[in-house]
Every structure is written in C-alpha cells, then in structure tokens.
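Comments concern the structure below.
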Amino acid sequence: MTMNDHVHIDEHRDDEGAKTGMWIFIFTELLLFGGLFIVYSVYRYLNPLAFHLAAHELSTFTGTINTVILLVSSMTIAMSISAIQYKNKKLTLILMGVTLFLAFLFLVNKYFEWSGKISHGIYPGSTILQEASRGEILFFGLYYTMTGLHALHIIIGMAFIGYVMRLVAKDKIQHDNFIILENSGLYWHLVDLIWIFLFPLFYLIT
Amino acid sequence: MFSQKIPDASNFVKGVDTSFMVILGIIFFFLIAITATMIYFVFRYRKSKNPKATQIHGSVSLEITWTIIPTILVMVMFYYGWIGYKPMKEAPEDAFTIKSIGRMWNWQFQYENGKQTDTLYVPLDRAVKLDLKALDVIHSLYIPAFRLKQDLVPGKKQMMWFIPGRVGEYDLFCTEYCGLQHSSMHTSVVVMPQDKFDKWYIDTTRVATLITDKPGALGHLIVKKNGCLACHSLDGSKLVGPSWKGLFGKTEVVITQGKKRELIVDSAYIHNSIHNPNSDIVKGFKRGLMLSYKDDLTDEDIDEIIKFMKTLSE
Amino acid sequence: MSETVLQHNQVSYLEYQGRFKGLFAWIFSTDHKRIGLLYLYSMLVLFSVAATLGLLMKIELIAPGKTIMDAQTYNSFFTLHGITMIFLIVVPGLPAVFGNFFLPIMIGAKDVAFPKLNLLSWWIYILGALVVLSSQFIGDGPPDTGWTFYAPYSFRTGTNMLPAVTGAFILGFSSIATGLNFIVTIHRMRAPGMAWMKMPLFPWALYGTAWIQVLATPIVGVTLLMIVLERTLQIGFFDPALGGDPILYQHLFWIYSHPAVYIMILPAMGVISEIIPTFARKTIFGYKAIVVSTLAIAFVGYFVWGHHMFTSGMSGTALYTFSILTFLVAIPSAIKIFNWVATLHKASIDIQTPFLWALCFLFVFMIGGLSGMVLGALSANVHLHDTAFVVAHFHFIVFGGTGFAFFGALHYWYPKMFGRMYDKGWANIGLAIFFTGFNTLYLPMFYLGMIGMPRRYYDYVEEFHGPNIVSSFGAMLMIAGLIIIITNLIRSARKGEIAEADPWKGKTLEWSIASPPTLENFDEIPVVTKQPYDYE
Amino acid sequence: MEKEQHPHIVRYRTYVYVLIALLFMTLTSVAVTHIYLGPYTVATALLLATLKSTLVLLIFMHLKFDKKFYSYMVAGVFLLLTSVIIITFLDYLYR
C-alpha cells in the first residue's frame, strides 16, 4: 500500500531527527502561549490595579497545590525514561501511571476552581463581569483563555502519554528504542514549563 | 511632490515632499543603474558573444562596499523621514481645537462654540488641532493635500494638527477600511482667510434659516448631519439598515432577544431603536452595526426625525 | 517486496502504481514529489479564483460609482482575494510546491524527514481552504473585513467572519508542519559530504523560511483564536467595549504577518539564486554573502512589524525604532541583488525562458523593494500609508517577487517535474504580455497613491479616474498573459516534447537524476564533494 | 549507534533533588507575595519562575546532557520572544 511503500525510508530510524522535530514543535507551542503572554503583559501594564484586585478572586492555595502536582508529575515522567533505560518495564509503567494520575488530579482541581468561579457569576459575558472594570474583564478573559488552553494541553499530553504507555506495555518501546517516550516526556515538561509562568502571573499578584 | 498647485497647502508639505524627493532620487538612481548594468551584461556576455564564462567566486571588498554604501544611504533616508515627521507630533499650545468624530460612515466636526458641521472649516495661517475620536471602529482621517493622516482608534485619544497655508477646498478621506460605505466617507476641508472664517464662525444661527415650511425639513437636516442616510435609504433600496420609505406605521417582523415578534413602527419604537439599536432588529438585518445615538440626539431631535419619516410614508 | 523495490528505481514517480489507483494514488501518497504536485494543482485552482476576483475588482474600478457590482460584493471580493492569495497561495506557495519537490532532491535525500506529516500538512491545507471558501456560502454572507481582520471592525461586522478566521487558523498548522519538516530534513538528511556551506541556495532559503514559519505562525494562530473567542464567548481581548486595545491586535497580527512577507520572498530569492548561475554557466557570485543575507533577512524581518502601523498612534520611540529596523532589513536584499547582477559579469548567458523570468523578477522586485524605502520613511509614510501606493508596493513584492519567482521556478523545473518541455515560443510571448500587463496594472497605482487615493475604495472621486482606467486595462492584459502561460504549461504536460535529464546544463543534484525522477530519486545516495554551482 | 545517541542515563536521585529545589522555589515565591516588595514583587516572582524553568529545561528536558545545538535553539527562541515583548513595549511604555 502506498503509505507503507516507504517502509524502506522509515527503516532508517532517526531518533535525533525525531527529537529535533519534537523540540521545534515545542517552540511553536511556546510561541502560541507567547502571544498570550504578550497580551497579558500589555494589559497588566495598562491596568495594574484592576489586575491586582481581580487576582484576589483566585485561590493561591489551589494554584500552589496544582503547581506541586505538576512538578511532581514532571519528575515522574522524567524518571520513567531512566527506568526504561535501566530496562525496568514495570517501573516505567508505574511512573507513567503516576504521571497520568497526577494530571487527572490537576484537572479535577481545575474543574472545581472553574466551577467555583462560574457559580460566583464570574465568567465571560456574565452580568457581574459586564459591570466590572475593563481591567477585570481583561484579567478574567485572559485567565479563562490561558488556563483553558493550558488544560487542553494537559488533556492532549495525557492522551499522548496514555498512547505511549500502551506501546511500552506491548514492548514496542524498549531500552534501545524509546524516542517516543522521550518525546512524550518533553511535551509533558512543556506543559509544566508554561504552568510555571502562569502560576505567578495569575495567582501571585495579590 | 506631484502637484505644483499645492506646495504650501499645509506646514508639513515641505517636510514630507523633501523626504519623498530625496528617497525617490536615490531609488531612481539605483533602479536605472542596476537595470542598465543587468541589460548590458546580458547582451555583452550572452552565449554567442562570450562562449566561455569566467568563474568568479566573489570578492570580499566588493561585498563590504555594497553593504556600507546602502547602509549610509538608508540612514540618510531615515533621517529625512524622521525630521519631516517630528513636527507632526508637537501641536502648539494655542492651536484652534476642533473635535473631529468619525463613525460609520460620516465625519462630524464640533467647534468650541457648539457649531457642528460635516465639512471641516479652518482659518488660514493658524495652527489647527483636531482632537480625534472614533465611535465604532477604526477610521483614519486623511487630507492628501496637507500630507496628513492619523488613525482614529475607538477608546483612544489621538490628535493631529496643521497650519493651513492656502485658501481653497481640499479632499478629506477615510483611509482605514471601516465597512460597507468606507469609500463614501469623503468630505472636504475648506480653508478660509481669518476674517471670512470669523464671520462664518460667529454665525451661530443654527440651521433655522435654511428651514422651509416643508414638514420634516428640519428632521431631514438632522438626519443628514448625523450620517443616518449612510445606512438607511429614503427610496426603498436596502442598505445596512431598513429603508425609511414607508417605514413609519408599517408592521415589521423583528427579533427581540432572539425571539421573533411583530410590531408596528411607531414613535415609541423609533425612540427605542435610536437609543438601543440592538433591542429589536428587523428581520433580515444584522445586529451590532448601529451605535446608540442617545448622547447625540435630543428627544426633540428624534421627534423632528419622526416628522420627517412620516413624510416618507405618505 | 524486493520486486517492488526494483520497480521504484525504474519507474518514474508519475507512473509508479502503488496499492491505490487513480486519484487515491495521489491524495494518499507520501512521496514528496507527488505532494508537491498536489499543492501545485490545488494552488493553480485557487489562484485562478483569486485572480478572477482581482480582475473583477479592477473592472469595477474602471469608472467611479457602480460599474459591475455593489459595494458589499466589492468588499467581500477584496477580502477573499486577500485571504486566498496570502494564506493559501503566496505564503505556502514556493515552499509547499517546489520546496517539497526539490528540497530532498537538492540535498541528496530520498524524501523529507517525516513523509506522513508532509501528507498530513497537505490535507490540513485542503481542509483550511475548504473552511475559508465555505465562508462564502454559509451563514450571514461573505466576510468583508479585508485579510487583516482588524479589530474592532472584525467583531462588529455582521458577516461570516468565523469560517474565514478559523480557516486561516487551520492553515497555520499546515505551514508549521511544512516548516518543521524542512528544518529536520535539512539538519538530518543532507547527503554525505554536503556541508552547510555546500548546500545550494534554494535549500538555504527554505531553511530560513522554515524557521520563520515555525516561529511566527503560532503568534497569528493564537491571535486568530482570540478573535474567535471574542466573537463567540465575549471574552475581552481587543474590543474597546470590553476593555481591549485594538492597536494590540495590530501588533500581534503584524508580528506574524510581517515575517510572513519574508516567508513569501525568501524562497523566491532562493529560486532566483538557482536560475541565474545555471543560465550564466557560472558559479554564483558571493555564495556566503547570499547565505548570510538570507539568515539576516529572516532574523531582522522578525522585528520590523511596526512599519504597518506608523499612523495608528504608536509612541514616538516605537516609530523610529521600527523605521530604522525597516531600513536595515533592506540592506541584505540589496546585497542579494548586487550579487545576482555581479554573477552575470563575464558569464556565458544562455537566454532561455526561466532566465527571462529571473530578469523580470529582478526588475519588478527592485521596484517593489525600492518603493518600500519610501514607505519606510516616517514622513512619506504618513502621506502614503493605506493608499494605492501601498497596494502597488506589495503587489510588486508579493506578486512581482514571489509570483514571478513562482512562474520562473515552474518554467525552470518543469522539464524535471513532468519530463517534458513546454513550448518556449509561447512561454516567451506569454511572459512578455504578462510583464507588460503587470506593469501597466500596478505602476499607475503608485501614482494614484501619491495623489491620495486610499486603498480598499469601491468608489472614488473624479480626479483618480485616468490612472484607474490604465490600471484596469493593465489587469486585463496581465490576465491574458497568464492564460497563455498556464495553457501552454498544461498543454505541454501531455504533448510537449520529451525533455532530457539536464536540459539547462544545471549543476545542482536535481539535474543529475532522471526526468521525471524515479520514486526514490537516487539509485544511490550521492557523495557531494564540490560547491553547488561548480562550472569550472 | 543508538547507544551513542543516548549515552546518558540520569539517576533517579538527580530528579528527586531537582524536584526538591523546584518545590522550594515554589513555596518561596508564594511566601514572598506576603512580604511587601513594591515593584520588585513581580520581578522576584518572574525571577523564580525563570530559575525554575531553567532547571526543568536543563535536567528534566535533558538539555544538559543533549547536544549543545538544542540549548542554542532553546536560548534563541526565548531570546526572540523576549525581544518581541520588549519591542512591543517600546510602544506602550512611551505612549
């Protein structure tokens, strides 16, 4: 079949190339959020007080918990790469499972955080926000967009890691052939990296 | 730069035209010189004339030369561009200020004594400052003869200033695309000698003198001045908003908060539609295009407009 | 399997039959050459549509007032013309068609690094094109914002904005995928011996382009996403009614869209750098200078976006920074022109159709670039911004630059791609008519801008009438030329005489293999020992 | 060949140390918000975030052990983003 006619081309496996590709993809993701960071910094500069006030609505505690969760999950996925290199399949799977569980925990936390806001009537287009100052509208608009986009990346990352876990379980990924695992790890660290900046910008400006 | 008739139409013409001419001179030189060299080479070194090419890999000194010379030239261009531009940002304190409002799709000029016009009248040889305000989307006020242009961004204060140097009437355009009638957002600047301008300026006898006995004439004038006719036709043709021909007293299907209902077009509806344009949208038209005229039109004005509309339904 | 492998190296990529037959053999093929042709065919169709829109607009402008269409139609025409030409043709154009086809061949590889991703990017491209075009037929009527989607008009217009914006957003992924693919391909798959400084200039140009595609496109992606969110969910970003700043939208939009101009022009310069040495029978003058200036353009081009906003009310500091940077980015382009012309010195020039295209490119590109100098100067810009002068300037760059290079590349590589030669006589006649029409169309627009005719005008005052007549006439002439050129090419794909492997006596790797190439390009990966344009 | 591409196996212990450092910095940045530092609050928060992300990039994302080429690319991208933000602010700071 045409798609597989090129097996002979794929036969030449290029892990380094795959990694370069992944990094470039990560750059595009960084710049995607970069655009939002530009918007954030401009509006924060233009409305310092309103941003300050609006940030009071966010719970530093929830934010901190989520940061800790993501940092730990970042470590576990990084460890899973060492584990596969040590040929410890079981530990690899456990570490990836922990990562997925923590990601899920993050989302649960996020769900409660968002639904809390929404039940207080703070969501785009709500009557409360329409009467708020312009800076507050912008703050919450950015808050929902940036954390929402970030949560979307968490979900994509979970799907990616889940897929790689299956490959590990089926022994498609082994100690000498784990570039996909490494790439899924890179993606997960990217999610972490973005959160490292989102956290102080939204939760710590009170 | 291109029309000798208006070299001094405003105080900026010289700066702009100088930078333009300097740059034009440089680029014409390069365009002609490079094109000529190119054509000469193609003829001189065509295959039949020069069957064997001489391999030349490059020359560092040439590369440096043709990096440095353009760099110097572009800095010259930048300099002329900058000094021509700089005075445009510094309006004198005592400038005669006119509030200039752009909206879809007409201009309105408000003078300090309350006069309102849709044509810009300015005194000769006196600094004029336009305080710019856009009501809906971005517009851009452009007076080609004065070499002046400034965007009007909603929610942002902007200004432009100039000293008119020659009596006459000049075009004024909108140059930032602003929707359907963008190209008809066109009016003129009239430059008058100081004495004539003063006479015009003091004459605050509103529009009364123009009013005939014809019913609705005052309403028609108000409508024209506020740019209503950019979107509402008087002859039944469909523009952005419903035509006013036969509108008053007609039964219309409108969309109110997402629901269809029928109503009769009466004074109450017209008042409400001018104050809250989006509350009842006639079926087949789009919401969000009309701004509230609550602050622009008094209740008396609206009554006059209704009188005028009635004449269209007879 | 071994039999098929043999077959790969005997049958050309055009005749090769995989598992699928007919159309499916193409749209499911991961062969970089077939993908290149898929892009070529899709673009020719879209180009005909967009060029027709352009012609209709020029006919409308032949006289003031209504000529053949109403204002709403005109506004939606220039919007669709812009979106199609920019996002669907000029930005992906050269990389997707000729980059896909020739990048692997020119660096001595069998395919790109990620062939499946490559096919996927074509699919995304088609999806994006369909979404953009759907905006014409569904919902509240064709969008009328111009291709720049400036806030707040794009939030206020009642027309069908969302599909257009979403389509542009989707196309971004296609662009990123292509760029990513090319970077990895160039890094990892160069033939043995092909050091960076032995790589031909077209791959170099694609390398610079790919980095811009990868690093600039996400910014416009997220900006368009913000428009979608603002329109659907009333999240405040750029609408002043919700606290936003419309000028910030312009910043973000041009942070991408200015580098996008370099996505358009760098590969075009790469093509010219290939054509000139081939027909001059001479190594290129200042290879290193051209490489360095390619990278310099890609880099500095990232920081000049503000020159689209000189009259928007930016701060003075921003104004002169952008003005200086704008002038600086002109220098590497100038260096390239000097090097190309110097290459002709003491050459032995074989004047053929592709070379004529390159000469015409040099002329119109110079006009485009030099007129940009006028626009880069602050004071002249205040007068000329948003007038017909700007329209003329960027058509000279984008159409005159990229468009001429695109057709030049098509005439240059045509025998390699299809294994046949077009009718050279007709090709030259077509070029002559096209070139005349092009200049008749756009030169008067410079003048119109100088006397103050704003752009995007459906109607104009009487004093602009004369030049508009000339310009509209030029449009018709130009379209006539295009028809001749394209008909000639389409006809020759079947009926042209069989081309030899190296009809132009080129020295880069693509001329060392069969025309049309076999499925795997090379029987054996070549070992490179010489400079790319070695005519010693 | 593959061994050459991945010569380095990072020890579990290293990751644990990095995590501890990251958590420490997180808590510091939370604690710092309770002290009044005026304009330096933002600076401190961003400085800590930058340090944290550098650690993640170097150790978790293996930049320290990979070819230098990756580090250059990452540095280039961050430099680019910073320059774009700075140039954008040339407009907003001086309006």
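List of remarks:
A, B, C and D are the chain letters, set down in written order, and residue numbers restart from 1 in every chain.
Definition applied: a residue touches a chain if its C-beta (ideal position, glycine included) is under 8 Å from a C-beta of that chain, and two chains touch if they have at least 3 such contacts.
Protein identities per chain, from UniProt: B = Cytochrome c oxidase subunit 2; C = Cytochrome c oxidase subunit I; D = Cytochrome-c oxidase.
None of these values were measured; they are calculated from a predicted model.
Graph distance from chain A to chain B, where chains that touch are one step apart, equals 2. More C-beta pairs touch across the B-C interface than across any other pair of chains. For the pair chain B and chain C, the distance between C-alpha centroids works out to 32 Å.
Centroid to centroid, with C-alpha atoms defining each point, chain A and chain C lie 35 Å apart. Rounded to whole angstrom, the centroid-to-centroid distance between chain A and chain D, based on C-alpha atoms, equals 15 Å. Note: centroid distance chain B to chain D, computed from Cα atoms, is 48 Å. Looking at chain D, one finds that residues 77, 84, 88, 92-93 touch two or more other chains.
Residues of chain A in contact with two or more other chains: 16, 20, 24, 27, 30-31, 34, 38, 42, 46. Among the residues of chain B, none is in touch with two or more other chains.
Residues of chain D that touch chain A in their complex: 2-3, 5-6, 9-12, 15-16, 18-19, 22-23, 26-27, 29-30, 33, 41-42, 45-46, 48-49, 52-53, 56-57, 59-62, 66-67, 70, 73-74, 77, 81, 84-85, 88-89, 92-93. The touching residues of chain C, when paired with chain B in their complex, are 71-72, 75, 140, 144-146, 150, 152-153, 156-159, 240-241, 245-247, 280-283, 285-289, 311-313, 316, 319-320, 323-324, 327-328, 330-331, 334-335, 337-339, 341-342, 344-351, 359, 362-363, 366-367, 370-371, 373-374, 376-383, 385-387, 447, 450-452, 454-461, 535-536. Across the complex, chain C is touched by residues 1-3, 12, 15-16, 19-20, 23-24, 26-27, 30-31, 34-35, 37-38, 41-42, 45-47, 50-59, 62-63, 66-67, 70-71, 74-75, 77-78, 80-85, 88-89, 136-138, 140, 142, 144-145, 147-151, 153-156, 158, 171, 173-184, 186, 286-289 of chain B. Within the complex formed with chain A, the chain C residues making contact are 4-5, 8, 18-20, 24-25, 28-31, 110-111, 113-116, 176, 179-181, 183-184, 187-189, 214-219, 221-223, 226, 229, 233-237, 242-245, 248, 251-252, 255, 519-520.
Residues of chain C that touch chain D in their complex: 215, 247, 251, 255, 302-303, 306, 314-318, 321.
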